[in-house]
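Going in written order, the chains are labelled A, B and C, and every chain counts its residues from 1.
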């Protein structure tokens, strides 16, 4: 932890500030484009502050297409997948971290290796499977697998579980507590930051997922935002202003969630008090 | 009365398998099945319209000896990984350290650095093309102010790959949370006792932070390598492997064969070759991990 | 051993969630179809009160185009209440999803296709031959369509697609910039050489930097370059589609590519590919940065809306090898494995002739002559330059060589990239491309 020295603080703010400009630049462009009229879109040199602001674009973009419905769909799928991920991945990671068994190492390596095969070649067999069991054109292929674990998060959580000293768990076990009770009361409270991380990562992944909804969803009524946005991204012509309007709004939930998540992220430490 | 050790061990094993049972379903139905199917296809010629035709090892032989872009694509992918993975680790950690302080406004800064990882698709592509344009773009205009003649960036075969590395650093803030979670897991008490002993910040970093961060470093290293070797997005959305194949990542090369050239069999063979390479590398890193990764909570 | 409460909950939770998702999904799918969708190829034989024929139709169209087509389908469904059409739009990666659907053997009944896909899908059994339907009881008179457009849906004597809409290319020019340079407007029958010279006169420089270009050329887009290719040579591939050597590097091709190279490097009458990419999303012609552009009819409606832009159109120039053009074609096909081919054919017949083309004809060129003429597509001052060139539409290499995406296309694209990147030996680039294309062909 850095000591609070005013000089260092100023230096820090400066550094972060300069970097921030680079980070924010494209968003300024995005927001600016979302307020442009059709003619201003093609102006060169590019217009940074389009006047008058076409707030109308937002209204038009969201009413032209059923974005309300799509927001709902995306929210449903995302929330379900975050729940599924947290449930299944913490449980599996705990197993890998604390419970020895024959074949554990091999299974762990196999799990890591499932991250190594490119989507292009497994996409079609998966698509075939889901079509055969009739799950295509529904949210099932997007949500049910999240209740069955995910190598990336299991790996991440296992790393963090391994850093927790096992003493408290041993004590609880001697007291006769069951596996899930220990997990819930002893381990998870201490690893809140990584749990929040997993939740935020999966929220982003599900919210912005494009490829899976593209393949598995046929009916427009089921579309998610990531997919629906592309209705403005035509074959020969892109309607930039509407596209940016939607993109800006679509980004808000993930950003707000991240911002709020930070608070609990830090609080998670405070609550556990001193460790070790 | 204590239960015999073998019974305890068996109970432990049972609990293990019970805990991972949901994931096992995933493994069998959604991972192993498709992976084995793709392995089968790698021994066939399949244009996806007519049934696959068994051709044995032909695809593999073609890849290793006759495909003019196989080795080029592999070296591009490796080159990218060798440069971008360490860079991302170092910059990611440095950024996380900066954002770890609890000064007012840190939450806002963290969110700002996190934003780039949220924007994707066509919007990013257009923006970067605008930034990288050799004559009118942002970068070269900035360099021009200092009297430097900027290169062709993504339009120049020699600069395209470095440009993509540069771009990957822009969204490094997306992984900050993982670093922060790792940093937050290090007890303050350790730092405090070290400071009482008179250790300076560099020493504290090297002897406390780094060792206790190794599980996180290990995770980011493995996932970084796996991710870098499978790099696809920018090639697909922006460069299409060009200019002149200088950004033809392996994953894009195989996608191109699958969907543009209708050769899913060959693409599957390429995918498995990539798989083997990634697996070997990962195993190497894993085997060394015993020596440098410190968990602190491991059961011996 | 105590049984932990959570262990019992998790499987229950799982089942509960799956049920919830299933229900929620049903609630979300709006009328008319609210049954849990299974693979629709089995749908036709349900024993229910309705003997409805369920058709799936897929398209890449979005936004207005999608709405337009949907309205036509709705009219059809009103006239045929026993047919239910599910109109699926795939806003991006249309090809990928379609190929994936072919791969698993479950694709929509009616498929929107481009002309480049007709040979590949047709030859390999993805699309049904529509000739029996055309000649059958519920048939069509092909004479009512522009033959030169219909032929883009044909491959080796079989008809795999009926035309949806199409456009070929023409030159759109900025009248104001011509007036400023005191130049007469281009006339039909002009040559590529003449266009080059005109473009030179319209290229303006300020301090060594070009601020206005005479012409916007299609860069490394191998398809859009074809009119130039065919103006000077017999094409990139032999007529039977088997050989590239002698064609892709013929003397005529070398001449055409040298013309192209000079346009970019020697006289810089066209913005470089980097300039064009920077302007991506920005229409350089509309912005007044180029005096002429080689384009299809798509931007014309938007140009008409801009009061500042005074433009005209003229057919593509001619070369020693005559006048040449090609078409961007969209059509509808029937899935080879569809169980409802007759029903699908009936819909396509409606869309492509009177019912559909009346609506589409306001937005694009249609191939159905009666409607095209009614809409004045052949006489409108701006669209005339496109329609007059219909007889000059030539067959693309994709149709001559169904393996083109593996052979000629990547080779030619790479040659174009080399030629555009810097001033290079055109003959050498083309020789290498021909060799690579032949090597891939004979793999």
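Please note the rule applied: a contact is a pair of C-beta atoms (placed from the backbone, for glycine too) under 8 Å apart; a residue touches a chain by one contact, two chains touch by 3 or more.
These numbers come from a predicted model, not from an experiment.
Student: Enumerate, in label order, the chains that touch chain A and chain C alike.
Tutor: B
Student: Between A-B and B-C, which chain pair is linked by the larger number of C-beta contacts?
Tutor: A-B
Student: Roughly how far is chain B from chain C, going centre to centre by Cα mean, in whole Å?
Tutor: Computed value for the inter-centroid distance: 36 Å.
Student: Compute the distance, rounded to whole Å, between the mean C-alpha positions of chain A and chain B.
Tutor: Centre-to-centre distance between chain A and chain B: 16 Å.
Student: Considering chain A alone, which of its residues make contact with at least two other chains?
Tutor: Residues 46, 91, 124, 147, 179, 210, 230, 233, 238 of chain A touch two or more partner chains.
Student: Quick one: which residues in chain B touch 2 or more of the other chains?
Tutor: Touching at least two other chains: 18, 22, 48, 130, 259, 264.
Student: If a residue has to touch 2 or more other chains to count, which residues of chain C qualify?
Tutor: Expected reply: 7, 14, 100, 103, 281.
Student: Spell out the part of chain C that touches chain B in their complex, as residue ranges.
Tutor: Within the complex, chain C contacts chain B at residues 7, 14, 95-96, 99-100, 102-103, 120-121, 124-126, 209, 273-275, 277-278, 280-281, 405-406, 414, 417-418, 421, 436, 443.
Student: Considering the complex alone, what residue numbers of chain B touch chain C?
Tutor: Within the complex, chain B contacts chain C at residues 18, 22, 47-50, 62, 66, 68, 126, 129-130, 133-137, 152, 155, 157, 242-245, 259-264.
Student: Within their complex, state which residues of chain A touch chain B.
Tutor: On the chain A side, the touching residues are 1-2, 4, 9, 12-13, 15-16, 19-20, 22-27, 29-30, 46, 88, 91-92, 94-96, 98-102, 104, 107, 109-118, 120-122, 124-126, 129, 145, 147-150, 152, 154-156, 159-166, 179, 191, 193-194, 196-197, 200-201, 204, 208, 210, 229-230, 233, 238, 243-244, 247, 251, 254-255, 258-259, 262-263, 265-266, 268-269, 274-276.
Student: Taking the complex as given, what residues does chain C use to touch chain A?
Tutor: Those in contact with chain A are residues 1-7, 10, 13-14, 17-18, 20-22, 24-25, 28-30, 33, 36-39, 56, 58, 60-63, 65-66, 86, 88-93, 97, 100, 103-104, 106, 279, 281-284, 286-287, 289, 296, 298-299, 302, 305-306.
Student: Using the touch definition from the top, list the residues of chain B that touch chain A in their complex.
Tutor: 9, 12-13, 15-20, 22-23, 25-27, 29-31, 33-35, 37-38, 41, 48, 98-103, 105, 107-124, 127, 130, 138, 170, 173, 177-178, 180-182, 184-185, 187-191, 201, 212, 215-216, 218-219, 222-223, 226, 230, 232, 251, 254-255, 258-259, 264, 267-268, 271-272, 274-275, 278-279, 282-283, 286, 295-299
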